[in-house]
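Each of the next two complexes has subunit A plus one other chain: subunit B in the first, subunit C in the second.
Let's turn to the complex of A and B:
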């Protein structure tokens, strides 16, 4: 073996071995355990079975899976839609303002995630300030509920995922040639047409990256529906956590995780495919 | 485009208000004598006093710092080495696999990493607790460190190395005098990110923590779930935010100077 090869192996081994041991092998274990029986001690049994997978057809699950998908898609759609105008503004403004806006976008998200969700819990609380204001304005009934609803889950999910849409879309918008918009206007396009047919296709790479960055973690969300949602806004993640922490049925948790893995693979494969087709421009950004 | 649209500016302002209003109200409520926070009950510092007197909280803070520091040291070392390998040997078959594996923690939802780690720890009979949390944190942090250091390496001017060697420096001297000083801001930024991710992590930690190994986010979560001492969480949030803002702003200023 050449010394170059030896050096390469020395530099690569720590991370590759570590991630094989703590990421690849455990993921395969989760997939295998979906076909095992639970043992009465709350562990994994030795017998093989399809019963765990079959129990996912239990009527409550399709509803939860459907809800997981639509809540994640709605979060993604809102995040992308509001990020586009902000990215446009950031790309077109002066260097100082741009840098300032960048810091302001990232700053809240360096603080603890649980505390950010807690901030919304106290805002939406039945005695919280949002409720008091809405009641004072006559926009809400004193008995109405803001917290523990699907609306609250959506709001807090958008709050937590928004920077992950703004940053990649901004990275693309920064590289966009804004003379194209003038050209479109000269050729008679209205502003709306120019944005829809020139600007948005032009920042496509950033939009795809943003969809991926929001959709994938959103599909696996569990803390937000757990803290600000009610039983009617539970997602797959909540079920996985409940199977692990409450009734200790690990094979069942593994089967649900396998299902979640499939959902996550969908957008990822679509993204890689779109990237290969659309070339490799854009989409690179730093955290 | 004769007239500029107001929509981009209006959206930007609305988003920033959306980001900062919850935080601002949290800070204000940490000084609010009314415990529900829906109305103003007068100024107080009692929540801060209660926070400092809370033993459980200090225990959790200590655990978080111990894990934060140890996992940052290990993941920064491994992640930096990984970035070097990806940069220097790019294109080899090993590095193609290495790159994909290193990307995985960035895209796998946290809950899936949490359950996978729980399964492996159970399989090898590793007791859940601080050591298990440390292993878990190194697992997800090293990829972030590697990506930050790699992006710094990619901006690096490779001719500097050639120049040093032409002037007679050996590999060790080149690494120490040229390479390390130039990429050290990348390593520091990676370490800072690793530390923040570790101190902030709830989902993965919750899956692999055992009795007595409560970290700060897990402690806060259980206080919220049992509606215990909620106003002192406002005080805690305020202190943590001030600390984070100071650290992030100084590091921003540092990196601009570098």
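Let's turn to the complex of A and C:
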């Protein structure tokens, strides 16, 4: 073994150990526990069973999983769509404005997450400001409901995840060579064409990171639907939380988690596999 | 043949900086026109005004008789080769060149055909499917030229396209650029701070200084008949002499008293071609190129009708192979003298350090400048560059 190879192994070992200990092992545990019987004390029993998995056939689950996925995808799409122009503006504006916007982006993290959701609850409350303004403008019926709807869940989820989309996209946009947009305009492209065909491909690494940073936590979200959603906006995270906290049935929670994981990972692995195979422009490295 | 690209009193300022200051000139159709000037003189700004990336504060820009001052960049029939090429990093060489045609929604087979013929023109057929990161600097530069030319612009703008290349490659690309210009017949507007590039490529040169065009002329004119001391010193090396007309013996020539030579015994003035029609007492700023001097140990035979002859002392000699540079002192002045080696003349006495020599030049080769004071008084010997 060459010293170079040895050095490479030494350099990657810590992250490999970390990932194995805190990602791979827990994932495998979740997958295994799905096949265990529940212990009446709230722990994991010793016997193996398929009963838990079979119970997932309960017709309410597919609907919840489906809602979870589209709510998360919608959150991700909105966050990314809002972040791209925001990041563009931040990257191109003066130093003062840039710093101000950066502080605005990060500021919410200084307040407790639960408090921020409470703030939204009071804003969206039937007697809250938002509702009153909408009614005054004639844009909402006085009897209509803002709080405890799927719309409220989506709004608060977008609000909460937006910084996680802005930061990676801004990091890419800051490194982007804006002369390329001039080059595109020089070659006859309109602004929209230049953005679609030059800017977005140029910051795709940031967009990809933003999608992961928003989509994955969004899929597991349960506090927001619990607080601002109604019974018809439950997500799979709520079910998992109920199994753990109310029913003390860990295997059932694990089975739900595993199902969610398969739903998400399946298409992603398939996509990566297809790209690897179809990557004909040789030598290009991309995610 | 009329004026094709025309600037009419164009100005552009950035805060307190007048990047382009009331510039007027015009470029002819099919011409290879250069903007030459030192860093920060406003060349790029002028180019960006034509491309449409900047709006002038005042003045108009006309292209083929049409006022394009207000047109956005994508509606102007000009294309730019950027200083750092600005190739799209995620597109192959082929796609980079095809970009303009795709945006214009040209038919697919036509795009293929046009791009292929461009690749052939710049000799990059075998790199069509490479990404910009996989090709060399010179190749990127050729792709950038092809990407601009494929749109058949009225004017091709080139912003120091060779600056990033090494000397050998630069010389080769210089020849190729010349060839491409001959082949496509498009008007080229070429920005550079390198006088060699501008001199060898251009039909005409505009010499810029602090946002102003100082002289617009052919390369030979700019070199042989500089209008201002800036032009004289920026293009090539020169010796400046400050003086006052002491007598005007005939219509064409005058005698100039030069204070720096005052303590030379028997000095009665330098004979000078008087194209500015200066009268007695007029101030003169004279430029004489180092290679216009003759230098010899023996007294020169009279070679020209109007010849200046001075005694000088050799202070420094630098032999560079194809020519020798001398620094001689005359009065209180140091003068640069460059001598070409036509042949290895054994019958001529060699010149050594400290020798007393004869210095002579044809009065027609001294050039009166428009501005009356020599620039850069800080340079003790008034010689720019070495």
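Here, the second predicted complex is superposed on the first by the 226 of 287 C-alpha atoms of A that agree within 3 Å, B and C clash if a C-alpha of one lies under 4 Å from a C-alpha of the other, contacts with A are read in each partner's own complex, and residues count from 1 in each chain.
In this text, a contact is a pair of C-beta atoms (placed from the backbone, for glycine too) under 8 Å apart; a residue touches a chain by one contact, two chains touch by 3 or more.
Being a predicted model, the structure only gives us computed values, none of them experimental.
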| item | value |
| --- | --- |
| First, second, both or neither for A:152, with subunit B first and subunit C second | neither |
| Partner contacting more residues of subunit A (subunit B vs subunit C) | B |
| Touched partner set for A:202, first subunit B, second subunit C, both or neither | second |
| Partner chain(s) touched by A:167 [first = subunit B, second = subunit C, both, neither] | neither |
| Partner chain(s) touched by A:79 [first = subunit B, second = subunit C, both, neither] | neither |
| Touched partner set for A:190, first subunit B, second subunit C, both or neither | second |
| Which superposed partner A:179 touches (first subunit B, second subunit C, both, neither) | second |
| Overlap of the subunit B and subunit C footprints on subunit A, listed as residue numbers | 182, 185 |
| Parts of subunit C lying in touch with subunit A, wherever the complex brings them together | 51-53, 72-74, 78-80, 82, 84, 86-90, 92, 99-100, 103-104, 129, 131, 134, 147-148, 151 |
| In the complex, subunit A residues that touch subunit B | 4, 8-9, 11-12, 14-16, 18-27, 29-30, 33, 43-44, 82, 85-86, 88-90, 92, 101, 103-108, 110-116, 118-123, 125, 127-129, 131-132, 159, 162, 166, 181-182, 185, 191, 194, 212, 216-217, 219-223, 227, 237, 240-241, 244, 250, 253-254, 257, 260-261, 264, 268, 286-287 |
| Subunit A - residues contacting subunit C, complex | 177, 179-180, 182-190, 193, 197-198, 201-202, 204, 281, 283-284 |
| For the subunit B and subunit A complex, residues of the former touching the latter | 1-2, 5, 7-12, 14-16, 18-20, 22-23, 25-26, 29, 36-39, 77-79, 81-82, 84-85, 88-89, 92, 94-95, 97-98, 101-102, 104-105, 107-113, 115-120, 122-123, 135-136, 138-139, 142-144, 146-148, 151, 193, 196, 199-200, 202-203, 206-207, 216-217, 220-221, 224, 230, 233-234, 236-237, 240-241, 244-245, 247-249, 252 |
